[in-house]
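The chains carry the letters A, B and C, assigned in the order they are written, with residues numbered from 1 in each.
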Amino acid sequence: MSAPLLEVDDLHIEFRTRGSTVSAVNGLSYTLDEGETLAILGESGSGKSVSAQAVMGILDSPPAHVTKGAVRFRGTDLLGLPEKRRRAYRGARIAMIFQDALSALNPVHRVGDQIAEMLIVHRKMSRGDARKSAVELMDRVRIPSAASRAGDFPHQFSGGMRQRVMIAMALALEPDVLIADEPTTALDVTVQAQIMKLLSELQDEMAMGLILITHDLGVVADVADRIALMYAGRVVEEAGVRDLYARPAHPYAEGLLASVPRIDVRGRALTPIKGAPPNLAAIPAGCPFHPRCPRARDRCSTEVPELRVVSAGADPGAAPAVAGGSAHRSACHYAEEVAGG
Amino acid sequence: MWRYVVRRLLQMVPVLIGTTLLIYLAVFALPGDPIRVLGGDKPMPPAVYNALRHHYHLDEPLIVQYGKYLWGLVHGDFGQTLSGQAVSDVLKTDWSVTARLALTAWIFEMVVGIALGVWAGRRKGGVADTVVLSGTTMVIAIPTFVLAYSAQLLFGLKLGWFPTAGTDDGWPYSYLLPGIVLGSANLAYVARLTRTSLVENFRSDYVRTAVAKGLSRRRVLVRHTLRNSLIPVVTFLGIDLGSLMAGTIVIEGIFNLPGIGGQIFNAIQIKDGPTVVGIATLLVLVYLFANLVVDILYGVLDPRIRYE
Amino acid sequence: MSETTEVAATAQTGAVVSGASASLWSDAWRELCRRVTFWVAVVILFFMGLLAALPSLFTNLGPNGHCDVRQAKQRPASWNPFAAGEHPFGTDSHGCDYWAQMVHGTRAPIVVGFLVTGIALTLAIVLGSLSGYYGRLLDAFLSRVTDIFFGLPLLLGAVVILTAFPSHGMFTESFVLGLLWWPTMTRLMRGQVLSVRDADYVQAARMLGARDLRIMVRHILPNAIAPVFVYAMLNVGVVIGYEATLDYLGVGLQYPTVSWGLQLSQAQEIFTDYPYLLVYPGVFLTATVLSFLLLGDAVRDALDPRLR
C-alpha cells in the first residue's frame, strides 16, 4: 500500500515562554487521502490550529517548538527537510487559508498581485502572464467581474469576497492538500454556506485532500468525510461523519452533540459540558477529559486511554469502515459502553 | 486628491497665523526697547527716536502691528531687520547653509536609522536587536550640545577626520559632522520606530500568509513587511524636519555655521524682532509643508487611507 | 512620535484589563524586579535624588562657595575622582570646586523636570478630557490650538518665549517648558477619553442619570489616565535634556543658580583645552536622562504582556 497523501504521526508541540511550558499538541496522529475531506474539530485551545501551522511549517518559533513526531507528505517527512526545500512544498503542494481574510491579506498590495505572486515565485511566470492567471483564478472562485477587481485592495472587498480571494490564492498552484483554518468563522451564515459549497466543488474538481479545521459541528456535517475530534492536543475520537453523529464513542463527543440543538431529535433538553477547557500548562493526569466527564471512574484519572478501534460488537448495524479504510476510533476506556448507549 | 490638498493648505492658514502670532507676541513683548539697542550707547534725539519708532510701526497697538506684518508676509515681505536689511535677504543668504545641514542630518537619520531598525527588527531579542536598542537609548540620553562638543573634540580635533567648524570645505564634507550630530537623536527614534514596527508586523496575519505562500525570507521581509512597517516611520520623518530645523539653533553655534539657526539666536539676543519672527515663520512653514507631504505620501504607502 | 506609538500599545493593555488591573500591576512589578536595567536606573536616580535633596551630605561647600579665581581651571590630579587632593574633579573657570558645583547643580534640572511634567500633565488631563468628552466645537477649537503648538518647534518656542521673560528662575523655565510640553500628552489623553467615552459602563452611568462631572471623574479619568501618566513619566528625562540645553544657550537659569547646563554653558569656550569640564557634568546629565529612559522602557515592557 502506497504512502498516504498526508500523514501526521505522533506530533508534539510545546510553547516555551520564560518560566513555563505549555503543551499545545500531545501526540496527534491522523492521515488524509487524496480527494478526502477530514474535519478537525475542537474547541479553542485544543491544538487544532497549531498543529495545522506545524504541518505548513509556519509555527511562530520561538515560542512554539515541535518536540516530537513527523509530518509526511507522500512519505517524505517535511519536518526533517531544510528550510529551502520545505519552502517548495509550502503553497505549492500544501496550501492554507485562514480565518480572517482581512488581516490575512496584505493591506498594501492589490489582490491580483497577491495571487499572481504565487505564480511568479513558484512557477517563475512573467508578471503579465501571472496577472492573467490571477484573473482566471478569481473567475474560478466566482468573483464577479474579476478582471477589474484584480486591481482592488483587500479592504475594498466584502468579507465573503475576501475569503474567495484567499481561496484563489491558495489554489493558484493546484496544491494536493488544502488546509482551511476556520474558513467561515468570520462570515455571515449565508456567506458561510456559499464558501463551504465553493470549497467542496473546487475540491472535487481538483481532487485535493482538504483538512477543515473548525469548532462548529454544523459546518462539518455536510462536507466532511471523516471527523477527528481533538481535546487537549490529541485526537479523542475519529470516525466517519455519520458514524460519529449516530454513535459517538467518546464522552466528549457525546457531550458536544448533546449541547447543540438537532432538528431530528426534538423535545430533547440541551445539556452543556460542565467545567472549563483544560489548562494546557497542567493537563490532568490520566484521561485529560476525566474532570469534566460524567462517566469518569477511578481508572480514568490514572491511566491514559489509547486511541483504538471501537469494536463493532456494541452496535452490529453500524458500518465497520468508511471508504478510505478508516475505522471508528476512540480514546476512551469505555468507548463501547459510550457508543452502545 | 487635489481637493484634499487644497483643504489641507487652507487648514494650514490658521495654524500659521496662530504660530506666528504666538512668536510675534513673545518677541514684541520682550522687555527693553529695540530702538535704544539700535542706537547703542549714544543718546538719540527724540525726533529721530520717534521717526524710527514710526518706521517700525512700534507706536501702534501690537495687534495692528501684527496685522501689518501679516499683510506684508502675504506679499512676500518678511519685513526689515533692525539694521535696515530686508529679512528676506538675510534668509536668502543663510538659508542654503541651514537647508544643507538639515538635509544632511535628515538623509543620515533616514538611511542609517531605517537600516539599523531593520537589522535589529529582523530577529527580536537577537544580538543586533540588543545592540541597537541599548545604543539608541544611549544616544537619546546625551543632550545634543554635549554630543556636539564631544564629537568635535574626538572626531574633529583628536582624530582629525572631519573639519570642526565653518563651511570652507563645502557640502558635504563640512556638513558631515554637524549633520550626523544633529540627526543622531532622531536617528535613534527612527531606528527604534522601524524596529518596533517591523517586529509588530512580523507577528501579523498577512506576514504569516506570506510565509505560507512559500516565499523566501527575503521576499517576506522586503515585499510584505518592510513597506507596511515604514508607514509610521515616514510620518515621523516628516514631523521631524521641524525639530531638525530648531536643532540648528544649537548646532550652528557650536560648529560655527552661518545659517539661520545661528542667525535667529543672535537676533533673539539683540531683540531684533522682525528677524526672529521672519525666521520662525519660515521654520514653521517648512514644518507644515513637510507634514502635508507626509500625509500625501501616507496615502501612497497605505491604500486604505482615502483623501476626503 | 515613536513614544506615542509605543505608549499607545501600553495604553491598550492599560485600558482593556482595568478589570484585572490588580494582577496586571503585580505581574508588571514582578517582571520589573527581574530586570537589571531597572535596578541600575533606580540606583542612579536614587543617588541623583539624594544629591538634589541633601547636597550637604556630599560636599561641605555651598553653591558657588569658596570660589577662588586664582585657582581657576585646575585640572583634576587624575581621572580617578576618588584620588586624594583638594579638588578631585578640578575647578571651573571661576575657581569653584567642580564636584561641589555638580552636587549643587543636581537640584535644578530634577526639580524642573518634574515641575514641567506636572504642569504639562495637568494641562493635558484637563484639556484632553474636555476635548474628548464634549467633542464638537470645543474639541475643534482645542485641536486647532494644539496644532498651533505642534507647529512651533519646542526649542525655538522655548528660546523665544524665555527671552521675553525678565526673570529666569526655575519656575519661569518650568512654566515656559510646561507651556510647550503638553500638546502630545493632550492628544494622547483626548484619544484615551474618546475610546473610553462610549464604553458600555459609561453609557450605563449616563442612563442612570449621572452628571457629566461625575461621569468624567469617576468613570472616564481612572480608565484613561494611566497611559498618559506613563508617557509623562517616560519623558521626564527628555525634559531634563531640554532644561540643560536652554541653560547652555543662556536663556535658561542664570548665575547664581547652579545647574549642570549652566556649568556646561560657562565652560563652552574652553572645552578643547579642559575636556573634563565637559565630561563630568555631561556624564551626570546623561546618566540621569538615561536612567529615566531605562526606567520608562522597563515599565513599558513590563506593562505590555505581548513583549514577554
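Quick note on the criterion: contacts are C-beta pairs under 8 Å (C-beta built on N, C-alpha and C of every residue); 3 or more make two chains touch, one makes a residue touch a chain.
Treat the numbers as computed from the prediction; the structure is a model and nothing was measured.
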| item | value |
| --- | --- |
| Touch-based graph of the chains, sorted into line, ring, star, complete or other | line |
| Far-end chain from subunit B, centres as C-alpha averages | A |
| Centroid spacing, where centroids are CA-atom means, of subunit B and subunit C in whole angstrom | 22 |
| Whole-Å gap separating subunit A and subunit C, where each centre is the average of the chain's CA atoms | 53 |
| Subunit A and subunit B, separation of their C-alpha mean positions in angstrom | 54 |
| Of all residues in subunit C, those that touch subunit B in their complex | 1-2, 5-6, 144-145, 147-148, 151-157, 159-161, 163-164, 166, 237-238, 241, 244-245, 248-249, 251, 264, 268, 271-272, 275, 278, 282, 285-287, 289-290, 293-294, 297 |
| Contact set on subunit B toward subunit A in their complex | 203-206, 208-216, 219, 223-224, 227-228, 301-304 |
| In the complex, subunit A residues that touch subunit B | 56, 58, 60, 87-92, 95-96, 98, 100, 103-109, 117-118, 121-122, 153, 155, 169 |
| Residue ranges of subunit B touching subunit C (in the complex, touch as defined) | 14-16, 18-19, 22-23, 26-27, 29-31, 137-138, 140-146, 149-150, 153, 157, 189-190, 192-193, 196-197, 232, 235-236, 239-240, 242-243, 245-247, 249-250, 264-265, 268-269, 271, 276, 280, 283-284, 287-288 |
